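Same chain, two partners: subunit A is paired with subunit B first, then with subunit C.
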Partner chain A sequence: MPYSLSSLIPDKHFRVPSACGVSGIMNTSGERFSGEVVVTSMSVMRERGNGLGAGFAAYGIYPELKDYYCFHMLYDSAYAKKNTEEYLANHYEIVESEPIPTRKNPRIKEVHILWRYFLKPKFPETVTEEDFVVSTVMFINEKIEGAFVMSSGKNMGVFKGVGFPEDIGDFYRIDEYKGYIWTAHNRFPTNTVGWWGGAHPFSILDWTVVHNGEISSYGVNKRFLESYGYKCTLMTDTEVIAYLVDLFMRRFKYSPAITAKILAAPFWKDIDSMPEEERLLYSALRMNYGGALLNGPFAIIVANRNMMMGLNDRIKLRPLVAAVKGDFLYIASEEAAIRIVCPDPEIVWAPKAGEPVVGVLRSEESVSLKV
Partner chain B sequence: MVGIDAKGWHYRELNETIWKAVGEGENEIIVENVCGQRYIGAGLKRKVKILLNGVPGNDLGAFMDGPEIVVYGNCQDGVGNTMNSGKIVIHGCAGDILGYSMRGGQIYVKGHAGYRVGIHMKAYKERYPVIVVGGFVRDFLGEYMAGGLILILGLERDEDGNVTGDFVGTGMHGGEIFVRGPVEERKLGKEVKIFEPTIDDMNRVTPYVKEFCDLFGYNFEEVMSEKFVLLKPYTHRPYGRLYAY
Partner chain C sequence: MAKGKIPPEFLVERDDYKCVRCLACVRLCSYGANYYDENAKRVYTENRKCVGCHFCEAMCPTEAITVMRNPFEIKPLAHWTSEHLIDIMKQAETGGVLLTSMGNDRPYFSYFDRIVLNASQVTNPSIDPLREPMEVRTYLGRKQMKLDLEEDEEGRVLLKTEIAPQLKLEVPVMFSAMSYGSISLNAMLSLAEAAKTVGTYFNTGEGGLPKELKRYGSNMIVQVASGRFGVNVDYLNAGSAVEIKIGQGAKPGIGGHLPGEKVTEAISETRMIPVGTDALSPAPHHDIYSIEDLRQLIYAIKEATRYEKPVGVKIAAVHNVAPIAAGMVRAGADYIVIDGIRGGTGAAPKVTRDHVGIPIEFAVAVVDQRLREEGIRHMASVVVAGGIRNSADVIKAIALGADAVYIGTAALVALGCHLCQRCYLGKCNWGIATQDPKLTKRLNPEIGARRLVNLLRAWEHEIKEILGGMGINAIESLRGNRDMLRGVGLHEYELKLLGIKPAGEAW
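Up next is the complex of A and B:
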């Protein structure tokens, strides 16, 4: 590992009262725009992070290779890379294999080999293609020493590391990519170490999550996920949210709204006063998926190729603001982070605690048409 | 009077410029293109006037002791954090924890405000903090409130027609909350009860309603024509018996 305990001590003892920052920008008609916009949005929330983590999720960035799963990888060593490539070659046709392009930045200390692959799975008929990819990610993260998957979806990617958002954005040349959804994170680690894999977004397939807050229910959520085959290996609480949305929205095919009501379930006192039909639904959700309830303060932005959703914890312990202008949906920790890139939105509002804000892509075709 | 264009400025640069102007004896400072800069007016002790165009960042007027800040735009979280005296006027809406630990001075918000308005507010001797919100507020209004006055006018209701959110006055043990319009009993924290305000009570809030109407152009008689309710704790020591076996 390129990390020694002594190098992590500043993270352990250096505390300033602050919080992470998140921002998400989506064009609901699938028109792509430069990542520079979301970097600008993050720049006014610099104080929400402390330079120990930042990252971006981008959708629509690999139109020429959109039919292949793109794996963004973090490696500790050439040995970890070799092991991973052997494993991948056995289970996938490797269409492309190349370093993730970077730019020298004086404030970013590179400690990993950053690589990307475009892959076509050779999956057995007994599982779905997506489940097969999930199992690959779980295998690499858990079993291959020093190899971590940053993202594994089609026509999307996660770019993250240790630094402030402007520097991480510059390092990964975010300005050179065009996407129709961008989410971003500025990290202020409070409970877990500030390492490259622990930066947000967290991702599985094309699901990504950026999160401000802390998941006090991490242990419960982790055990709940283990029973569905997910392994939590990245040492940051947010990882559970990525797997929970994959489980509920992809595997169980629940809507974003229902998923939100599982993650941020209404209080029993409110469920008790609901009309009969709703009362039964929300009781059933809480009883069946109690292990998926996220406890603790959070503001998250979840995305996949079709949608972007903002959600708060039930008692609003972290800020979240949303705005709309034309085809654009903006969600951020601070109103200023929206105004800096969209000075005159049609509407601006602070979503209620536990009430999701969802932007849906009008049609998937609209994206490919605009490639 | 001095004008400042804050476009692209970091908060340190902006606040140093404001402090310098105040130090040089300026009495009125106008800042254009404010966008997310934190701590504006923080710790200032002179009776200056600061006008802000845009959306200022968190902790606007924190620890402030005297100045008047007027915002032409919305505000984010933590306006008036631990403010000691002075006045903040917001021609827009405010975010969460408005008037957090405020111990003196006044905050007027034309629109609505977020969660935990007036959390930990307190009063002592001549220090008497006042928050007036024109629209509605979200959950945990007056949480752990220990003193001072909160006035919610409900001139704009939330999506369900409410003036306040849930858990009003949770942990409250001092001060008063006046709400213009109904508040449901089930939304109150267990330390708080609804009272009908007496004439004396109303005389205490009238000057602040008047000031609100003057600031934002509302008709005072019309605002006063609706019924107010008074929310206050019915015991001074809600946790007094907590550790008494």
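Up next is the complex of A and C:
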């Protein structure tokens, strides 16, 4: 353990810039595979982190309870747990409540109570089920001291904490889960952080985001989201991405391609030379959603139960490589992270700046290389 | 009588060794300050007549002239300065309201000067604008919370929402409203040509539209003020947007007065009033006594322009600016202009110019915040005016929440103005704030336009450098991005109102 946890500063209340490594593996036909694969992929990118944060998002891991919202919780105290459970009991039917299984790891020091619930919402007819769950997550994260929702989707979950990915994977027994999409993250925060919630992936409903980069437009994006009712409580760039994706893809029902073109908008000089209809569309998107433009260096992997998307900033200031083999789509910060688990991919390419790589579940064209 | 003898503000010193008696200064001074003494064969200056415009100094071929401030060394009192004494002397003499021009020059705190900007170091790369695209294009007008899209059979995405009319600015800087009458046609032509070259807008002000400017319609905003001079349906449709002027920063709460002597044949034609009559702009619009009346006028103009042009509303920044701005947006304004206490004018009572209104830095911060809190920020763009001096002010205004800025004084300085603040006399030696053909011909619109284009291009370069340094490559990522700002030497509550943190505090 390179740092003593007690001397770490929690990054709950201020923004910490960090550099990172990301990896995402998807089986587009929905076949589930062990999380060991993604841990192996991350293990070759150890240099990209500094042991102060790692995490995994997994889809398809709870098939027997797939109709219930699974909340992965991180508590600072038994008191926070009690408060949260009282709140949940009032608004949800708690189908299952259990500790998240862990394994002793000498390099991981447990500082939180890790718990998971499978929930059935008792929501009023005036709101949609998903909006109800979003408001619950917002409430817990903002109002209940010492409680944090790591993930809140169906048949998926986020496992994260302070440590290197191999250790976090071992700690959470990632190898024992099987999923059809796995994304993973290795963090290099600039200062010492001791709060597990600050690690990636960030998640809302079944959206997860892993992110390498710094969003220099954070101040704008946060205020843009506030006007749509999102409260950015975690002070991280990545949270903003998760909410933007939720806004455009879930609430507005925009395609991943259109969403990508809002987050990493084409340049005006390119828009100006588009055919009339496209020009109108992309001009309107930029004019109206300028506050959602993610500016600054980033490489992200966004996933939900149906898809996985890799995206770079508009001038590709962070690395991102993609590869395809059979039903598998690989996206990672480094080609090595793909080759270690898939030595002979059919194609490997570096996606262009602002061009999304999208893998869609059970679709004929499982991987679209461009919009 | 000695009691009424007001000391000259400036002293014009002449190096007789350098003076070649060309008498250019004598011929050029519109105030008749310089004269030639045949007997002494020397050039003298009647200092009292000098306004300090530095025209003779600039034109003297041998650099013989120096215009300097008259120290008027009264006992150095902190409270009773020479300015106050002179003002009292003037009023004791005339019994009149003191008139002045241009912007407030009281030493109020400049908040722009107490705000510093951010740059990238290590954790994210700064961007070199000479190597990478750097975008400052801005659209002004009503936006949507949500755009409806539709996918056709071929999988093409089509836009279903109708987009409200927009102004496209290649640089987020426009030229403020300055009317024909307050400035010369050559000054207006310079502004118009520069706006066209750069891809931004100039504003006709409230003086109607001289026919020479009609061809600049695609870079022109036409203004409708309380005097309604020159306003008819052709005028409303002549530009790219219509701006209702409720107030201006230099003189909140009062109207305007163009003296009859200035209403020449040409001014009479554009203002649609008889030659020689005073052109009075009432203090309020007499059809706007409340916010619902503003709505009627906005929609009357929208009807008259077939909803094809954005309609803006301009107000002076006053104490209650945030709720007023919200009301204007709700009344249907597509963009709003907030003009701060430093805003300029062709003529205003000194007491109003110097004491009424609030600094623009606060106004933009609270207006942006209020509109966001009410969820209506997207409904109108915010344009900020009043004392913008350089590209740093532009950047800070945008980061505080503005979409774009207006410049007036800075543009006139580019045309030669030396801020002597005597526009109201109509004798501007630089050919800007005058209608005297002998003076206006001194301003060549081609050269004027070139200088204005240079200014905007220079600012554009600087804005791009700063954006790149911040690690962002589009102006929309700066707009309202108060994380990029830090206050130095400001009180906690001022920081709170500005929505910024003190220097030294991280994210």
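One rule holds for everything that comes next: the second predicted complex is superposed on the first by the 340 of 371 C-alpha atoms of A that agree within 3 Å, B and C clash if a C-alpha of one lies under 4 Å from a C-alpha of the other, contacts with A are read in each partner's own complex, and residues count from 1 in each chain.
In this section, a contact is a pair of C-beta atoms (placed from the backbone, for glycine too) under 8 Å apart; a residue touches a chain by one contact, two chains touch by 3 or more.
The structure presented is a predicted model; accordingly, all values stated were derived computationally and were not measured.
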| item | value |
| --- | --- |
| Touching partner for A:Lys352 - first (subunit B), second (subunit C), both, neither | first |
| Comparison of subunit B and subunit C by subunit A residues contacted | C |
| Touching partner for A:Val360 - first (subunit B), second (subunit C), both, neither | neither |
| Partner chain(s) touched by A:Ser255 [first = subunit B, second = subunit C, both, neither] | second |
| First, second, both or neither for A:Asn288, with subunit B first and subunit C second | second |
| Partner chain(s) touched by A:Gly296 [first = subunit B, second = subunit C, both, neither] | second |
| Which superposed partner A:Ile315 touches (first subunit B, second subunit C, both, neither) | both |
| Touching partner for A:Val127 - first (subunit B), second (subunit C), both, neither | neither |
| Subunit B versus subunit C as contact partner of A:Ala336, first or second or both or neither | first |
| Shared subunit A surface residues [contacts with subunit B and with subunit C] | 315 |
| Subunit C to subunit A touching residues, read off their complex | 120, 122-125, 127, 132-133, 135, 137, 139, 143-147, 149, 151, 156-159, 161, 163, 166, 372, 375, 377-378, 470-474, 476-484, 506-507 |
| Of subunit B, residues touching subunit A in the complex | 10-11, 35-36, 38, 54-55, 57-58, 74, 76-77, 95-96, 114-116, 138-140, 167 |
| Subunit A residues within the subunit B interface of the complex | 44-47, 315-316, 319, 321, 334-337, 339-340, 348, 350, 352-353 |
| Subunit A residues within the subunit C interface of the complex | 14-19, 190, 213-214, 216-220, 223, 226-228, 235, 252, 254-255, 257-258, 265, 267-269, 277, 280-281, 283-291, 293, 295-297, 314-315, 317 |
